[in-house]
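Chain lettering (A, B, C and D) follows the sequence in which the chains are written, and residue indices restart at 1 in each chain.
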Amino acid sequence: MSAPITAGELDAAGAALAAESARFAGLGWMRGTSGNLSVTLRTDPLRLAVTTSGRDKGELTPQDVVVVDAAGAAVPDQPRPGRRPSAEAGLHARVAARAGAGAVVHVHVIAPVLAAARWPGGIVLRDLEMLKGLGRSAHDDEVTVPVVPNGQDMTWLGDRFDEVFDPATPALVVAGHGVYVWGDDLAQARHRTECLEWLTSFALAADQHTS
Amino acid sequence: MSAPITAGELDAAGAALAAESARFAGLGWMRGTSGNLSVTLRTDPLRLAVTTSGRDKGELTPQDVVVVDAAGAAVPDQPRPGRRPSAEAGLHARVAARAGAGAVVHVHVIAPVLAAARWPGGIVLRDLEMLKGLGRSAHDDEVTVPVVPNGQDMTWLGDRFDEVFDPATPALVVAGHGVYVWGDDLAQARHRTECLEWLTSFALAADQHTS
Amino acid sequence: MSAPITAGELDAAGAALAAESARFAGLGWMRGTSGNLSVTLRTDPLRLAVTTSGRDKGELTPQDVVVVDAAGAAVPDQPRPGRRPSAEAGLHARVAARAGAGAVVHVHVIAPVLAAARWPGGIVLRDLEMLKGLGRSAHDDEVTVPVVPNGQDMTWLGDRFDEVFDPATPALVVAGHGVYVWGDDLAQARHRTECLEWLTSFALAADQHTS
Amino acid sequence: MSAPITAGELDAAGAALAAESARFAGLGWMRGTSGNLSVTLRTDPLRLAVTTSGRDKGELTPQDVVVVDAAGAAVPDQPRPGRRPSAEAGLHARVAARAGAGAVVHVHVIAPVLAAARWPGGIVLRDLEMLKGLGRSAHDDEVTVPVVPNGQDMTWLGDRFDEVFDPATPALVVAGHGVYVWGDDLAQARHRTECLEWLTSFALAADQHTS
């Protein structure tokens, strides 16, 4: 059994999540109050700090964070109980557990969602230097970013994720919805999200220019 | 009969409207001196605080606000009489009265206007998570954002709005012009405007990619 | 004969031009060191304050300004002689003289130049509210933004401008190059430039979506 | 034999490189941790200050710089040894040596890479004022921006660069990857990068509108 999560630890996670959320909001990838970010605080049992639901993601404070368990439910034993996690916290937890991620980004960036509409069976990428940003190779490698249908039941959606999960590809596109991208920490998850946006923007535009 | 509007109350509304206008201007959605924003101050009789006409919307001050009645006309009994409301204040008032809105946003964001040119009978959206940002469902729901022709007579335009108004859809596109989006307060109206922009950008691009 | 231009007067013009240039540079409309802005200081004889050549337009200071005459040549009798005006100052002066403009904006904003490539005989716009931002009507009005071929001889280019000049349309597109937009002052010239960008972006996208 | 590189000299180069990197990152041209910038410190033997590998390019400090030789390898005799240069430093050095450049910019800006996918034999540009920003003429001049295939071996890639190098064209596009652009100093290299982005964006869009 791991040590309890302290207020200072949660504040630090909240500050990092608020800063990253503001950065994504500035990019226009968290329109409305969409999207949420998480970091893994404990792995046994799993505990994530996830941004709270329904707030403008450009205006979060370090207090706009809640601790959830492996099912995405708020745990009672936390420094600031009573805040409501996003329903999507359940998928964050599934991703963190399965991929061993230290941070998960869920944003409504538009290019990957358009690419998923264009290629609903998975977005195939190859021969692009930016693939290195996803931990893959720029040559002689074919990367398929998996696409799953949208859903509101996180257990069902987590099962879809499990079916398509590939340890070598740190991203998932939910059709008509947005992306989940993960990494060892928030910086890596953000860098990978930026690379996925570049890659899918490129793939869509190249498809237009050559068709 | 409701209480008179105080200078402090109008200043607070003006500060909120100026801050929101600057944010929209930063997004490029209030080019030139276009667009205007309002908040509802009283409902019986109806009184709105609306941004003044002809100013750069990125440079408004809390004083650039005027109180209008249900016809969009400046009322004589206000803390700073003499400022000229936009002609479009009349449609703000119609929207606020009919929809019971606390805030109305009118901006010249380009994607919904392009979508209205593409689908002049109404912009049909379905199976998109961002629809939740408009208060609708991401699944098994078909949302038609109504489109009305442009006009300079706000009574005529208000009648067109009345014909297409659906309480479940907090947005109206005026063809060749811009959007009206509303909500309980400025934050909700802004979030819905952002979601409408995302949804119409997505619909246009998806239509291009698949046609 | 008008009064000499004082250092204070030129400093004020330089500060306004630097601030506006930085704003346009932030929009990405003055890439490289492209573009230049001017204000009219005297009309008899004509004297313009124009930004100096070859500087990053996001980093101008109030000193990066030079006084030119009706031919766009630096005048000897000025507070800070010796700075080199852009060759394009000659066209600024032609526009200011013919249109009676208080300010002229020349920027390499891409949408109008693309529209000129699409419609080299002139960009026809109608039934768009944003036309009011150019001083025209949103209805029952057809606005043709004139297009002239590019050239390096400002006398020749000024003659082309003279041939297409319409007092009702405060804008000119130079094919493969950029735009000149004017108004009573820098704010109006900027607002009109923003509206022209919106209008031409709209026209191009609408043409794509319906063709 | 030239004088040793002092800590003060390297700090100054690092500060300039960090500031330019942050500017490019703000434009979205250094997504993930992609890209790198260099300045030439000595020519005999060749010494470049190049940004270090694997950092967020919007968050570099003046210390995130390393001195490399003509092969792109870190030299032992430098103020802060031990930092790892990007593998791409090898191509920076090849470009600096061959072109006599004072600064080289390598960024993953998307438009030139898309243009290279559209025109893999070289991107032909003509009759565009922005060509002056590359040191060419706006008229009666045909500029071919060379395209080389991507590769991870900088010696091989440098040989490809040697094959296509034209002293009159200060830019190279690496297919599926990004651009190298150079100039006398960082400001000129940046201005040319901005112009290349404008030119390739224009060429792609014009090709779409007319095809």
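Heads up, the rule we're going with is that a residue touches a chain if its C-beta (ideal position, glycine included) is under 8 Å from a C-beta of that chain, and two chains touch if they have at least 3 such contacts.
Keep in mind that what you see is a predicted model, and the values were worked out from it rather than measured.
Q: Using the touch definition up top, find the fewest steps from chain B to chain D.
A: 2
Q: Using the touch definition up top, find the fewest steps from chain A to chain C.
A: 2
Q: Are the two sides of the chain C and chain D contact the same residues or different ones, given that same means over half of the numbers occur on both copies?
A: different
Q: What's the rotation, in steps of 5°, that superposes chain B's Cα atoms on chain C?
A: Superposing chain B on chain C takes a rotation of 90 degrees, nearest 5.
Q: If you average the CA atoms of chain A and of chain D, how far apart do the two points sit, in angstrom?
A: Whole-Å distance between the two chain centres: 32.
Q: Going through chain D residue by residue, note those that touch at least 2 other chains and give them in order.
A: In chain D, 208 touch at least two other chains.
Q: What residues of chain A sit close enough to touch chain D in their complex?
A: Residues 127-130, 133, 138-139, 187, 191-192, 194-195, 197-198, 201-202, 205-206, 208-210.
Q: Which bits of chain A are touching chain B when the two form their complex?
A: 31-34, 56, 108, 110, 113-114, 117-118, 150-152, 174, 176-178, 204, 207-208
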